[in-house]
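Common to both upcoming complexes is chain A, partnered first by chain B, then by chain C.
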Partner chain A sequence: MTKLTSIRTIAALAFAGSIALGGAVTADENAELVINGELALVTKTAAPDHLKDSLDEIYSGWVYRETDTQAMQMDDFDNPGMVFVDLGMDAWNKVEGTENKSCASCHNDPAESMKGVRATYPKWNEAAGELRTVEGQVNHCRTKNMGAEPYKYVSGDMANMVAMIAVQSRGMPVNVAIDGPVKAAWEQGKEIYYTRTGVLDLSCASCHEQNYGNYIRADHLSQGQINGFPAYRLKDARLHQVQDRFWGCIRDVRGEPYDRGSPEFTALELYVASRGNGLSVEGASVRN
Partner chain B sequence: MADGVKPRVKAPAKAAAGEAVVLKTLISHVMESGQRKNKDGSLIPRSIINRFTCEFNGTMVVDVEMHPAISTNPYFEFEAVIPATGELKFTWYDDDGSVYNDAKMVTVG
Partner chain C sequence: MKLALITAAAFVTAGAAFAGEIAPKDVVMTEGAVEASLTGVAGNAAEGGKVMANRAQGNCVACHEVSSLKAAFQGNVGPSLDGAGSRWSEAQLRGMLVNPKMTFEGTVMPAFYKVDGYTRPGDGYTGKAATEITPVLTAQQIEDVVAFLAALKE
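What follows is the complex of A and B.
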């Protein structure tokens, strides 16, 4: 992009920000996310029923990024996150543990077996009687079925694997269940979402529900949707998992974050995922 | 050979004669600078890709020398004029002596 266009983009954003009070979207509203010129993703849609009182429309974080960041995600060769997806694929086929198995030994081709997984997690696991994230399921498989060491919950290995699993669902609408056995966890997540915390005394909603589209310092606040996770962040050139982002956000408001992988963060992940029901799974997305 | 090294190239399969086509290349590589220290204070040995070349039917298109302080997974994007049907050969040279290759056919007409 030329310098001139980028200046023009910034000017356009600033102008839109000044007329769009009340937290409306300010980036290029007409931009459409099409991957590799083939796969069209839903980046804005009507809010799910449980959100109707607070939001009319939900927007993917992609909508709020600058044009060149948006473009990076539109081509898998330009998307730096895809390098890590490849590494996840290598790990998928790698035999590990006492059972002498790889992921592929049971699940074969992830394009078949992992399709739709990212869209419906976190999900209730009936046998274990607990709510489980994709990360939790990966480690369950590694320890119980492969006899291998679990990955650290937030780690390069885990992010690669989760990104590879997410890509198999790319384009499918997020559709996590919020009732039945997960109802209690969902309510707990909602409670956490709306509870102010930290020295700055902010809740998730303070920024991502009441002020999305407005500036926070030099950056646009998004709605905090997690349909694009794991996300490749340009600021430190690595993949970020959902709960690592939660952790970073709470640290930034100078609160005391829950542990990554804790039941509290898993409940929050379910609730935040449910706020994006209807948006396309984008992982691995590109963000700043 | 270093772990997780995988060359990638994106080139068009077809081009008009004399057209300048965009070539994108990326190789996943740690690009360890040799200046960092590990926890016990000893230097982590340098391990980088030190040269990258692209040839078209034996003619050199680019020849790049690389040094430490180039970030991980080096990405090069450049244009090449394609005069006739032929093969683009891409070569990366690792510090440890490994050589990684990729090739793409470009058809004119």
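What follows is the complex of A and C.
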């Protein structure tokens, strides 16, 4: 055992003791993610072509989590995020707005109508001539088709709804388009990804491309893949939407984040999603 | 009277920094190294160790292992700092703290005594835009960390 490993083991044991957790706390990078004993998800695969110069393989953030955290996502009764999926389902059936409609009025059973949606968003909307996130599409429907108030872009209501929509694509490979009308946004997202930002002067790539697998204190750096969003985070026991996570990351490098729901963060979401093309949709995932 | 005026003028020149300190923009670098003390006050190694372990200050152990510091969860993004005082001079160590990109091109390590050249700098960890950028560490904290690192001999 090297000196470094030994320090880490001691630290890990101390941590486990301090929060009275049983079991190992070291991530098992060879574990397989199977949900409810039946749905096998892809958590490691070959990098998409556009990423070949930077990465050979891509890994879901699930791979980097501790064994206990990994296990929570493997059973829907243990996954705290699934409670919010149920709330999203209630909201789906709730009639709101001047048109006296619910989501279900037009889209019926989300298991059929929403299947595959999470896997391909953010996506170009031809009629509107814009790149749209799942959140953006939900609010478009609420305001234009239901005559209802939009949800706040980052909010409990929105997180519940996008979690419920994500679950309908669980196990399907992320497959966002990166060319055609979204090419300019994708390039913009890539530029943001590689721009060193904030007073700590770090880019997304500084940690998640150059240093995944390494540790920043107790934080095991992942590739920053977003196939698991929205993600239930144990640190504050709630769902996190992806652009809220971007916001938090940029705040943490002492930067000024873009607004949640802004064209810049939507471009970044498209680019980061495309780095995970081929990984399974996991939402609602469990992370620390 | 004359003396008082000169003192006042010197203070104004130093801007927000304390009198006698070298402000971030006035630091002289030679091939990444900074010869002159930033404060003229000898660094305190024990204080430097605290700065390095403190998450709200240097938090050097976030990325570097330092065996002699009692800090949990030391990271491994950067190299171990054990023996740093045998590998680098004080001037080189000071320069790496002020702005390590002048020694290691492209390094992910932040600069700890620099106030310009940033993209979208924030006001601390608030997520708001910075109105005035303060360096991550003060001049004396830099000197204290230099003293700590210089004493880490093989």
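Assume the second predicted complex is superposed on the first by the 261 of 288 C-alpha atoms of A that agree within 3 Å, B and C clash if a C-alpha of one lies under 4 Å from a C-alpha of the other, contacts with A are read in each partner's own complex, and residues count from 1 in each chain.
In the analysis below, contacts are C-beta pairs under 8 Å (C-beta built on N, C-alpha and C of every residue); 3 or more make two chains touch, one makes a residue touch a chain.
Please read all numbers here as calculations on a predicted model, not as lab measurements.
K.L.:
If you stack the two complexes on chain A, which partner ends up touching A:251: first (chain B), second (chain C), both, or neither?
P.N.:
Once the two structures are laid over each other on A, A:251 reaches chain C alone.
K.L.:
Tell me the contact category for A:77 with respect to chain B and chain C: first, second, both or neither.
P.N.:
After superposition on chain A, A:77 lies in contact with chain B alone.
K.L.:
Of chain B and chain C, which one contacts the greater number of residues in chain A?
P.N.:
Answer, by number of touched residues of chain A: C.
K.L.:
Can A:206 be said to touch chain B (first), chain C (second), both, or neither?
P.N.:
The second partner, chain C, only.
K.L.:
Mind working out whether A:87 is in touch with chain B, chain C, both or neither, as first, second, both or neither?
P.N.:
first
K.L.:
Now for A:195: first (chain B), second (chain C), both, or neither, which partner does it touch?
P.N.:
In the superposition, A:195 contacts chain C only.
K.L.:
In the complex, go through chain A and note every residue touching chain B.
P.N.:
Listed in rising order, the residues are 77-78, 80, 83, 86-87, 90, 237.
K.L.:
Can you list the chain A residues touching chain C in their complex?
P.N.:
The touching residues are 3-4, 7, 11, 14-15, 195-202, 206-207, 210-211, 214-218, 221, 247, 250-257.
K.L.:
How about chain B: which of its residues touch chain A in the complex?
P.N.:
4, 6, 8, 10, 24, 26, 28, 71-73
K.L.:
Mind pulling up the chain C residues that touch chain A in the complex?
P.N.:
Result: residues 55, 59, 61-63, 65, 67, 72-77, 80, 108, 110-111, 118-130, 133, 136 of chain C touch chain A.
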